[in-house]
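Chain nomenclature is as follows: A, B, C and D, assigned in order of appearance, with residue numbering initiated at 1 for each chain independently.
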Amino acid sequence: MPSTPTTVRSDLEIARDVSLLPIVEVARRVGLEPDDLDLYGRYKAKLPGAVRDRLNPLPDGKLVLVTAISPTPAGEGKTTTTIGLGDALARLGHRTVIALREPSLGPAFGVKGGATGGGHAQVAPMEDINLHFTGDFHAVTSANNLLAAMIDNHLHQGNVLGLDPRRITFQRTIDMNDRALRDVVLGLGGKVHGVPREAGFCITPASEVMAVLCLASDLQDLRERCGNIIVGHTFDDRPVRARELEAHGAMAVLLRDAIHPNLVQTLEGTPALVHGGPFANLAHGCNTLIATRTALKLGEIVVTEAGFGADLGAEKFLDIKCRVGGLQPSVVVLVATIRSLKMHGGVARADLAVENLDALERGASNLRRHMHVVRDVYGLPCVVALNPFPGDTLAEIAALESIVAREGGRMVPAEVHARGGAGGEALARAVLEHLDGPPSFRFVYEAEASLATKIEQIAMRVYGARGVTYGAAARRELTRLEATELATAPVCIAKTPYSFSHD
Amino acid sequence: MPSTPTTVRSDLEIARDVSLLPIVEVARRVGLEPDDLDLYGRYKAKLPGAVRDRLNPLPDGKLVLVTAISPTPAGEGKTTTTIGLGDALARLGHRTVIALREPSLGPAFGVKGGATGGGHAQVAPMEDINLHFTGDFHAVTSANNLLAAMIDNHLHQGNVLGLDPRRITFQRTIDMNDRALRDVVLGLGGKVHGVPREAGFCITPASEVMAVLCLASDLQDLRERCGNIIVGHTFDDRPVRARELEAHGAMAVLLRDAIHPNLVQTLEGTPALVHGGPFANLAHGCNTLIATRTALKLGEIVVTEAGFGADLGAEKFLDIKCRVGGLQPSVVVLVATIRSLKMHGGVARADLAVENLDALERGASNLRRHMHVVRDVYGLPCVVALNPFPGDTLAEIAALESIVAREGGRMVPAEVHARGGAGGEALARAVLEHLDGPPSFRFVYEAEASLATKIEQIAMRVYGARGVTYGAAARRELTRLEATELATAPVCIAKTPYSFSHD
Amino acid sequence: MPSTPTTVRSDLEIARDVSLLPIVEVARRVGLEPDDLDLYGRYKAKLPGAVRDRLNPLPDGKLVLVTAISPTPAGEGKTTTTIGLGDALARLGHRTVIALREPSLGPAFGVKGGATGGGHAQVAPMEDINLHFTGDFHAVTSANNLLAAMIDNHLHQGNVLGLDPRRITFQRTIDMNDRALRDVVLGLGGKVHGVPREAGFCITPASEVMAVLCLASDLQDLRERCGNIIVGHTFDDRPVRARELEAHGAMAVLLRDAIHPNLVQTLEGTPALVHGGPFANLAHGCNTLIATRTALKLGEIVVTEAGFGADLGAEKFLDIKCRVGGLQPSVVVLVATIRSLKMHGGVARADLAVENLDALERGASNLRRHMHVVRDVYGLPCVVALNPFPGDTLAEIAALESIVAREGGRMVPAEVHARGGAGGEALARAVLEHLDGPPSFRFVYEAEASLATKIEQIAMRVYGARGVTYGAAARRELTRLEATELATAPVCIAKTPYSFSHD
Amino acid sequence: MPSTPTTVRSDLEIARDVSLLPIVEVARRVGLEPDDLDLYGRYKAKLPGAVRDRLNPLPDGKLVLVTAISPTPAGEGKTTTTIGLGDALARLGHRTVIALREPSLGPAFGVKGGATGGGHAQVAPMEDINLHFTGDFHAVTSANNLLAAMIDNHLHQGNVLGLDPRRITFQRTIDMNDRALRDVVLGLGGKVHGVPREAGFCITPASEVMAVLCLASDLQDLRERCGNIIVGHTFDDRPVRARELEAHGAMAVLLRDAIHPNLVQTLEGTPALVHGGPFANLAHGCNTLIATRTALKLGEIVVTEAGFGADLGAEKFLDIKCRVGGLQPSVVVLVATIRSLKMHGGVARADLAVENLDALERGASNLRRHMHVVRDVYGLPCVVALNPFPGDTLAEIAALESIVAREGGRMVPAEVHARGGAGGEALARAVLEHLDGPPSFRFVYEAEASLATKIEQIAMRVYGARGVTYGAAARRELTRLEATELATAPVCIAKTPYSFSHD
């Protein structure tokens, strides 16, 4: 847990030179009055349920989804581009709202950073957002761990449900990078300390309560989703849900405030709803459905981002979140960097400064694949945004432009890190061209399809697999699941985000 | 974790019938402007450091300490009396501020309740205070667990300091009643999950970070106190402090907001600073020093409470907190109930409804002992407040009055649960009589005394022991400590709160 | 751990009707005097090293290896056939010695049984052999666990070698089916109880000390092999051997007696050396090299068995034990049952009583495969022994005879369970036909071949794989091993014994 | 686990110079024929049950009990004196049998040694006895761990008995100093590995099965005692015995041979029964009852020893073993050394070489106390044996003689270490003087007394306490026990052996 790296510090310096608007002023830009806000200090506010209910009849704005090529250690700048695009659209006179995930406290102390954007395209107050913010992650952690404590208390109090302590799958969570808690034995110390068993902690963004928070439509729905969580299996192999432990009511009470979206601003005063923060590799990886819906009521245009990669993060956004939430994206912005494409083309990180058109050409197959998925599988317009870095050569930029053009697409530089919204105007104009067309979005699979079909569709159409084969154990499990109410659920595939390869 | 009990629910009903003032209005009553506050919604605010710095030159108000006889399951109503006394003093025209502890989320779901007072003597908004409030407990939990994670990370990264994994005394914490976490083995799962060791979680009020937060004078001091925390010992028996892990800086960042006191109000609109919440059996058991000091700048009179029992809670308040913070209490209110005294006199809980003057007389020895400590050991005036219950008989009340009178003291009924501040006016007047006398407070021991002397003084003078004997191991440990910088520290004795008996 | 099953009980009844010879009489049959023996009661003896040294110049007898088709739950009767064949050869006037593994105490209380043969073909005294026998397993367990204790003591005493507690691969062992000990966390309970770590117990036949005992040529060699055991890796990835802990000397002292082979007898008085008992799926799966060598000095003919299946058990016997020990088998007896072949052909256990020539034909591919390996890969004559069961039909027996004949082989019934040595004479005569031919045995791979070649040769020639592919991690490990002194070691492949399929 | 220390090595040298008699010759000295023996090699034998049954009608010999003053690190030489006294009695023409404990394999690799005597007073073959001997400890370990495995298997198979995994008190055992196994968590690794729980291993001499073996009168009685072992308590607080798990039958089978006493010899050819080895601080601390009884049938005189100290070890021998076994000791030999008495008198180990009559006088209070217990409490004659060391001065020896004489006792030097039986003749003659008197032995308490009375009697009369006070929990437990069948059991007090002080 080292100190924050150099680049983040200079982000901080940039941010400190900007005088933020009182959040009540930012709210006014999208038609909200001071009394509509629950203030958390001067620069943060929550939008309570009553306000959202009042906004409900309004028509939705247009939804712009920002995603990126497969991630590399070189970084793509997806969040920065999202923020800068929002600022640019606002500069061009559109009432724009940005919708982003909240950063975890855990990685914030680590090396990642960037969850609040960078350079001149940031949301603020950055330090607050990166620390406790409005307490949402703490509430998620508390609600999650209340259920966990109730599970162990149930075991301790006689275990009427017959839960098998060795088959409890629900984990405790902590908003911290704490590897020593991943695998623990708990309940030690004798008769009064519960029942010994193997258990573990995940990080809060990976917790099940975070996942359900992000898909809930309101507090009552959240309560039900909490009740539906499967915590483990009984000795006779029956799944047990949180509802049977009567945990969901108390969980919902703990999440009472966390369900309200948080309003902050960009360094240029554009309103941003920063709310919810699930990991993309395990959960669906985008901000809450409530925040996106609220943003669509407040803004003519909403810019949001989906997690890792157009295949993984965007697939989840489009197939899960859009389906659950009835969302209709109008256009997808696909962020790429010359550096990342060169890494996909085989260049080592240390050699990125050297011009290498061959590697760029090779690496661009990753970009082409993502463009194909967005356009041909999901039926959406796709704009490629180049996030330029100081070392990119003009020849490389030109080569990329021509690669994209060969695919019938358009690459637009987005100089938002260096110049803020002004640097994003070209991208904004390219996006605006697609906002007024007829809706073209379609899902990869139908809700009624079998689980096997869903998995096959995702694997073959999105990940480009030639087919799907299961081991015997996996096939048995699948058959078992088909027989349950889960059969019509959307499918959420956990996969390391780093490749399109076939395993 | 059952639902809240009946009495708490009716407290909730009472509270819901009251229209709270906007917290900015409450603040104005003690001379604070809206811009002085960091708002957390409409009814909660933090007082930032700049405001406190500005108040610093003002003279201090008078300090009234509320404590109680040794606790029984029958309950004494210490917090309720504290709040009601504050309201009563306000009704009598005195600018009064109440200073209380924050409740833990953990017990809030359990059976205890009452941390926000009861009946017509409550602080509000009760549900917020009992849930996440302004996030202080979460911040303490995070800061505590960051240090814990850094300890285990240090072991994992090669353990340059030579920390013995079996002698790490610093615990993780959680704001939850979760018995299964008290004793765990962590670091399991192989090479990437850290180093296996036995560890445990305590509840947040019992955490070491909570203890240092409550004694800190400002953020810099808090940072130093965090750095001073001893986390364990090396293989060659050297204590290791958080400072050596470079944890204290990040801990202080996480506690940046938690250090500011929280302003709320009573149901009668009296300002209350509710801040910090350490357990009395382990730590010093009262609200933060910062909150008490701030209250003394804002109010002519400050009413505060100390934890379990006049011996244990008050001892810690007087010998530790007053010493560290330079506080000078003017009078002590000792809360008693007929029911509790009867239990001390040997009556079973089921038989409390029956009049029993003999048991009352026997149980009153506990009360007399506490009166003796307050008056003769600490040199302070002592008012006995009777918290009346419906079943108390007039004969019992008269008997108690006469018992107290025999000791040269005065018993005043405090009907604040039933009637709010109006019911506390008699008590308020009795307290006011003592506020203008010359300062009489003295410590039990001198800061320069040896550790052995300090322990002996507390044991003999406060707990009434005939002497102190140590086992050989304890004596060796004491000798070792005498040789360290801890020798001049105040002594904090952990003891179950239920008896004056001699062990 | 239920009581022994019915069939074993009737084995016991058969055994109890037989009057055993004093072991000194049995020894005389192979030229040993009473003073050559270390007696363990009246019917068991160890052959001390001095006796073996004296026998050393004598020429070796002929070696007959009994193995079987791939095992099924129906059972093949390999040990029973081995014993009965030995008795039959003795009846035909040949000085015959049988060499077998010792049974584990663990499975003896469970369901398996049969480790001392069955029916009229048993070694005796059966109960002694199945219980503590002459203490060999206890000595192996002690030596193994002494090393384990010294590892943990090394960690506790300061860990000068820098052993990573998370990468200790050497396990404790217990001669008991005790699943709860497979995965444990040990070293708990504070500073005096060592260093906490994850560890486990294996069953004694699976222990590393059992494996080295069975391959040792004498006590000095055993001491060196104990010293060579790799117990784990250091923090900087260096393997640590038992020698570095100075454990091997004490281990050898504990194995001082266990290294001497045990002499018992069959129910017909034929001498049997029962010594060593490693599992075939992990280790090489046959009795000790010392016992086989001693038997070859004592008998004109030695009948021994190798563990599970001609591919797995026999492969290890032939490629590892024969290579290490310089053994030259003359003929292989391949035991099959109609029932097992029908199970290989797809018949469920419940349907085995029904005649099914098709299934027999299908299942016989397993038999053909084993015959091929014995004859074409290892160059040895192969006799197929039918272990007949009451339900076998004449048509099935005839069909099997013809299947074997089609392969140019010969099937001989071995009715030793029902009739003892008399029932094995036909088999004995078939075996005798092959004993006087020129040596034809060859290894699958050369000692000087690379590890990769060795693995490939075994996989392709014995298991019938089309090729071998490695994951990246496996390939790296292989490269690392090639660079060590292990490069010229024989390869021991652990595989579940149930199939010839290609994974 | 270092190599054996210097003094033990020279014991080995002495032993190697002696030609042992074949054990059949030794057996003949007490009237046993070769066929009466189960041989374990040439120099060890077990006496099977049939032989013991045949001896049963014979009259008992006289019983001499050797014990010692409270132990110090300087060592007393109790076992050596026992052996030498036996040899001396044999030299004087008495048919003498020695009865001793078997050493544990564990401490044998450690520093203690001496369990087979020392110098010219040893039992042999020393290395065999110190290693696996006749397998008794292994059998005890197996039987103990079979029960443990059946307990965990019971939990795994559904736990019909409702055993609380947190209240299982029966421990696994290992014949090894392995501190890392003292506290473990077992049953980890998921559903197939049993139920996770905290457990531990004790060393075999401390195991419950060792304790019951040593008190059993025959195999049937041992089976019942095994069945009576309480393994833990159910969730509703009912004790569960091994019998309910049907473990005792299999345990008895495993102990089938271990129950037979082992016959060896001293270096002078005196028969010695070495059998059973419980620790004195936890169990009763002497050899098996069966061995002592058998010795009394075989010898005119039997010399045996009891564990640590005349108070602790002898108390258990006299109150537990003599009561259970109907034994009548005739005389007690109390071994003392000048060095130990000086240590009791406050001399540091490094200063023992210096003459110090004052310390000797002070330390002799320990000796006087033991003499008092033997003579006045138990009513037995007491001979004090001085085990002389090279550094003892004549003045010290004279002083000790006069101290003992002042008490009306007699001190006799026993130079058996240096000179064997010849050096013990003076002691032997002193002992013989007491063998023909009328029986004088009496118990400390009556079998019918209450548990509280038994404890009080032991504490006050043997340990010299002024009284016994219990904590509340202890008193409750005692009351509970009084209501059970345990009420009339003998009381076995576990106490550290080092003091007569009052706690």
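The rule we apply is simple: a contact is a pair of C-beta atoms (placed from the backbone, for glycine too) under 8 Å apart; a residue touches a chain by one contact, two chains touch by 3 or more.
All figures in this text were calculated on a predicted structure; none of them were measured in a lab.
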If you check the contacts of chain C and chain D, which chains show up for both? none
When the centre of a chain is set as the mean of its C-alpha atoms, what distance in Å lies between chain A and chain D? 70
Chain A to chain C, mean C-alpha position gap in Å, rounds to 57
Per the C-alpha centroid definition, the whole-Å distance linking chain A and chain B comes out as 42
Residues within chain D bordering two or more other chains: 185, 188-189, 195, 198
Based on which chains are in contact, what kind of graph results: line, ring, star, complete or other? ring
Pairwise, the chains that touch are A-B, A-D, B-C, C-D
Name, in rising order, each residue of chain D that touches chain C in their complex. 1, 38-42, 105, 109, 131-132, 135, 138-139, 141-142, 145-146, 148-150, 152-153, 156, 172, 174-189, 192-195, 198, 200, 250, 253-254, 256-257
Listed in rising order, the residues of chain B that touch chain C in the complex are 158, 164-167, 185, 187-191, 195-198, 235
